[in-house]
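Next come two complexes built around subunit A: one with subunit B, the other with subunit C.
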Partner chain A sequence: MDFSTILTYMYTEIALVGVIIAALLYDLIAGARGRKYFHGVMCTLMLLFIAGTVWPYQQENASIFGGMFVYAPIYSIVKSVLAIGTLLVFLLSDSWLRKPDTEFKRGEFYVLTLSTLLGMDFMVSAGHFMMFFIGLELASVPMSCLVAFDKYKHNSAEAGAKYILSALFASGLMLYGISFFYGTTGTLYFEDMVPMINGSALQILAMVFFFTGLGFKISLVPFHLWTADTYEGAPTPVTSYLSVVSKAAAAFALMVVLIKVFAPMVEYWQTLLYIVIVLSITVANLFAIRQKNLKRFLAFSSISQAGYIMLAVISGTPYGMTSLVYYVLVYMVANLAAFGVITAVEQNSDGKVNMEDYNGLYKTNPKLAIVMMLAIFSLAGIPPFAGFFSKFFIFAAAFEQGFHVLVFIALLNTIISLYYYMLVIKAMFITPNDSPIATFRSDNSTRLSLLLCLAGILILGLASSVFDGINLYAFGM
Partner chain B sequence: MNILSLFPAVPLLMMLGLWVSRNTKQIHAVMVAGSSLLLGLAIALVFIFLGMRADGQTAEMLLTDSFMWYRPLNIEYAVGVDGISVAMILLSAIIVFTGTFASWKMKDGVKEFFMWFCLLSVGVFGFFISVDLFTMFMFYEVALIPMYLLIGVWGTGRKEYSAMKLTLMLMGGSALILIGILGIYFGSGATTMNLNEIAALHNIPVEMQRIWFPIVFIGFGVLGALFPFHTWSPDGHASAPTAVSMLHAGVLMKLGGYGCFRIAMYLLPEAAQELSWIFIILTTISVVYGAFSACVQTDLKYINAYSSVSHCGLVLFAILMMNTTAATGAVLQMLSHGLMTALFFALIGMIYGRTHTRDIRELNGLMKIMPFLSVCYVIAGLANLGLPGLSGFVAEMTIFNGAFMVNDTFHRVVTIIACTSIVITAVYILRLVGKILYGTCTNPEHLKLTDATWDERLAVIVLIVAIAGLGLSPLWMSDMISESVLPIISHILN
Partner chain C sequence: MEYYLIVSTIMMFVGIYGFLTRRNLLAMLIAVELILNSVDINFVVFNRFLFPGQLEGFFFSLFAIGISAAETAVAIAIIINIYRNLRNIQVRNLDKLKW
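Let's turn to the complex of A and B:
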């Protein structure tokens, strides 16, 4: 295997490492003056990175490093979805990073974020459980640093500690599960394992352990207990990253492993997922109703969204995979738009993040209120916004495989979720307020990211080509 | 581009126009231009449709057009109309047009109000032109969501409560519809979402139909104010601003009846025959209960809202009778109820705008003070209780005729029970008219009030002309409807 083969199939990761090194070097070399342009440089680099890797160059599947690393066109698409999410997060994080107590560690933010992205890419492309685990850890450890990035704030440090402790525990369980698999199959290569998977009691236990590790990353009930506190404590741009990119990568990786490795145990993991979906959607929705802090609110909303994402995983079909990637993309733009508005308001109003602070936002900041409203509509699945289409497709995916009752439960839950999503809209548009958030002008970078998200919300659903493009490469059991 | 696609496109363009307009004058200009265009298009559509039929085009749906949208699920943007949808489009266009004039004097947030109003009409028109299950459902939801803000922001009374209740109940209904649509799609072999093609395939197993029929019927029935899922309607209508009440009671509630007929019964015919008795009982309760409830209300809007429950119940009641006469009557009733309830809500809005009360105990002797509005109110009331010569008579006569034609005891008994609603309607309408219009005005404040202005007169006159037109020469309309109802009914029965 020569370097050109590696370059052919690992181009995303190699380019990403290049970007990371560039960020490190720039942080090192650029003086105080150069750092002013750091944001612009990083966004340009990310843009180039995305432009260079967005299209799957190789149309056929391949594995390199003896099967450790697997390439498939759909992986490439997922990686570019993740990269786009990261770019959007970068764009909306500028106003926060420009504060005096974070300005000097800008470089760290970029490097840590990109490292987690690299970890996710490896996790998605893994062909071996060790590789998968390394990817997962690379995605988790820098993430806890990011969560604790505002380390002088009590909340942020606490959230970081909570995150890393839960992450370690989940990884431990997962590793334990993987060791069972090694014990029962004698290998950790995905392809070699398949014939040895027979659904024995030990393997079911191992699968549950493995699932726990990823369930933590996706924050499914009952592995969600860290979510609300971490989301609330972490700096808002990090929360947005955590809630979309990290979740998307883990959900996709889970689906790939379930399809590729655990296909012989399909009835077991479908049962497991069935329970987890019902729990996630219902519990998260019931908790979301009571939240007053918008970040906690979106934390519970994202748990229930994760439950919806699992509807695509449970189907195990190529169509399900398409719906998953599409859902993740749509969820990403909508959620980032919501978090973008929250960041903008938080940065321009001395940290107001409670729902009642948003009362009367439409009177003072109509554009932000409209962006928030459209994001919420998309999250709630209201047409003609993209969220409606992605929800419909995901329901169709699960329905096709005969999960009628499950889809029905999920649909009933969409009504509960509509109720609490409407509360935000009610606050912004209907509830009067004597001292609403003062009118402000958000910075260009935030505006750009909100504009991109808005374009996504409006266009992704109506233009079917995105869905069709993903559908070309999806695979299933 | 197909003429049908213009119907959702025009309100979209109007939204764009509203977005750029700077003052109330420009907003009004955009609204008048757009809604007149829609009305013109709708009238043109009627002539085109009748012309094509006269040329001997016998296909079930005319002016069809489609292009593939989401191939993996066979979702198409597919349009087409038959007599039923043409009638509904005409109704919607009239109500959008008059609704614009009925909200002429609105002051706060005019631009936003009309933008949401236009979005609502995009949904309504889109629903009636679609023949693809997914597209239809999408437009259906587009029509629902603006209601929340329209009521929540511009409404009166317990508006936040009503808006939330309405949105959640209707969305609950649409969740049922969604699962029903998936059931129909996958049950028919997952080859097409086009409802005519699904009907032609006619391959959904009966045991699956038994599950999906009640679900879809209730789903649409929520919007059609089916008992016991009607409770959103009185609160919602009472709190909504005038034009929204008009459009909602006049058109949106018809989406329910239309969907029940075109999706639930047409696509799931065997189950419809088997299970119709359950819904016949429920709709009979709607009809009678709605009328009785209207008798005891004291708020003008509540009275009209309960009367709507009763009349919309009659629509569902008629389609469940499954014969051409009753189903034709159902569509006529949709038209007639749409027009007269819009007229009612418009008049109530105008009276309320002057007196600032809708409580009938505080209103009396209005005839002398505002003769124009009062006379129109009497006309609306007479249409409501089914006076010959106005549209209500034609519709109800056809319905009860058709219903009595079904030859068994159960159907005849429920028909007789439902007939009593006519009498009850007369009771509350006549009492209401006598109470608020005649007698002497006791409130000195009310004596200073003035009669309708030109914009109000225009809205009211257009509606009255339509009601009288339908009542005096119903044949062309009922012929157009019945020849379109016929294939659906014969499909259900075979």
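Let's turn to the complex of A and C:
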């Protein structure tokens, strides 16, 4: 085997490993003075990494390492979407990382975050269940370290314990499912497994176990119990990373496995997904109404968004794949804008994250309030913003495959979600408050991140070339 | 072969039962380890009895053991961190984040 094929098809991962090594070395060599520029150096490196890998170089599908690693142009697009999300998280995490109790371990934050990104990349382009499993674990083990990052805070430690124990449990169930697939088919390669899958009772059981493991990562409803606690306890930039990048990668990997490997069992997994979608959207919406803490609120909102993402998966068509990637991109900018505002307010007001703290925010910090409003409009799917178009494509993809009732239930839930999204806007603009959060100036890096998210919210929906561009590559998964 | 599978299935469900009923974080961690070990038994047994010509199941179980060791290390680090914050590791004390 010659090495040029590895470089041709695995360039994203190799470049990412390079960035990780550079971060480790910089942390080691730079010393206290150089570490002041750590943030700028990391963001520049990420920018170079994204610029180098954003558009797929190879136009055909290929597999290397005997089929363990699969390359397809659409995978490359997904990886660049994930990398852009990571860069935005880096930008908005700066003000948190500059605080004295996290200052000395900021190198760890970058390295751990990039390791999870590497794991997600491998998970997305896996062609073998071992590769898939290693990618999943590489994405979830450093993630639990990130959740428990503020180690002297009770909340963060508690969230970390809840996350790692449920992650272990879910991956144990997933492995149990994979072991039965191995027992019934005799192989672990995705390609070789397809003709051996016949929908026997044991395989259906195995598929349900396997689905549990990924449903945990995406936080769909029967497996969502860790979500709200972990989101509330984790440091806010980590929460934003969890809610966007990690969720998107797992959703995409689930779609790839369901379509490629479990194609012969399509009616079984569509039934399974049907139930899970209805449950996730409805239950999460009802729980979101009664939340007082904004981070918990966004946690439940992200569970219901995960239900919408699954609408693209259930269709199982290339069109569904395109709308999945597009939805993830739009959801990412909107959610990161909301979390960016929460981070800015939390860092500048001694950790205020409750909804009543936001009363009258418009009076003191009008710009932040408007960013939050636009992000929430986009999450709720109000027409001129990108969120409307992404929801539209998702519904169209599911409708096309004949899931009429399901789309109708999802539409009803959109209306319910509008109610609780509006509660936040009401708090910021209408509810009077004697002592609102004082006016503050957020730092440049947060501003840049919010500006990029805002541009995404406004432009992604109107520039049809984005959707078309993704659609070009969504053939033959 | 059936006998091995019976053992692994019992281990799996003992693990699930333990995870749901234990009230100590370390006991929960041990229960999860039972689940992971039952998976390793499954892989090795399937490979040895059903597909004796190949090695895929053996390799998978080796990797699963290695990765679960890494996960356990992280989980124990987090549990120690909780012990430093709270001075005990009972689940009932982890109730600050609720609803």
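Just so it is clear, the second predicted complex is superposed on the first by the 474 of 477 C-alpha atoms of A that agree within 3 Å, B and C clash if a C-alpha of one lies under 4 Å from a C-alpha of the other, contacts with A are read in each partner's own complex, and residues count from 1 in each chain.
By our rule, contacts are C-beta pairs under 8 Å (C-beta built on N, C-alpha and C of every residue); 3 or more make two chains touch, one makes a residue touch a chain.
Nothing here was measured: the structure is a model prediction, and the numbers come from that model.
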Touched partner set for A:Gly183, first subunit B, second subunit C, both or neither: second
Subunit B or subunit C, by number of subunit A residues touched: C
Touching partner for A:His404 - first (subunit B), second (subunit C), both, neither: first
Touched partner set for A:Asp229, first subunit B, second subunit C, both or neither: second
Which of subunit B and subunit C A:Tyr152 touches, first, second, both or neither: second
Partner chain in contact with A:Phe3 - subunit B first, subunit C second, else both or neither: neither
Overlap of subunit C and subunit B interfaces on subunit A (superposed complexes): none
Subunit A-touching residues of subunit C, taken from the complex the two chains share: 12, 15, 19, 25, 28-29, 32, 35-36, 38-39, 42-43, 46-47, 50-51, 54, 56-57, 59-60, 63-64, 67-68, 70-71, 74-75, 77-79, 81-82, 85-86, 94, 96-99
Of subunit A, residues touching subunit C in the complex: 129-130, 133-134, 137, 141, 144-145, 148, 151-155, 157-162, 164-165, 167-169, 171-173, 175-176, 178-180, 182-183, 186-188, 228-229, 232-233
Complex contact set, residues of subunit B against subunit A: 69-73, 134, 138-139, 141-142, 145, 148-149, 152-153, 159-160, 164, 167-168, 171-172, 175-176, 178-179, 182-183, 185-186, 190
Subunit B-touching residues of subunit A, taken from the complex the two chains share: 319, 322, 377, 382-384, 388-389, 392-393, 395-396, 399-400, 404, 407-408, 411-412, 414-415, 418-419, 422, 425-426, 429-430, 464, 467-468, 471
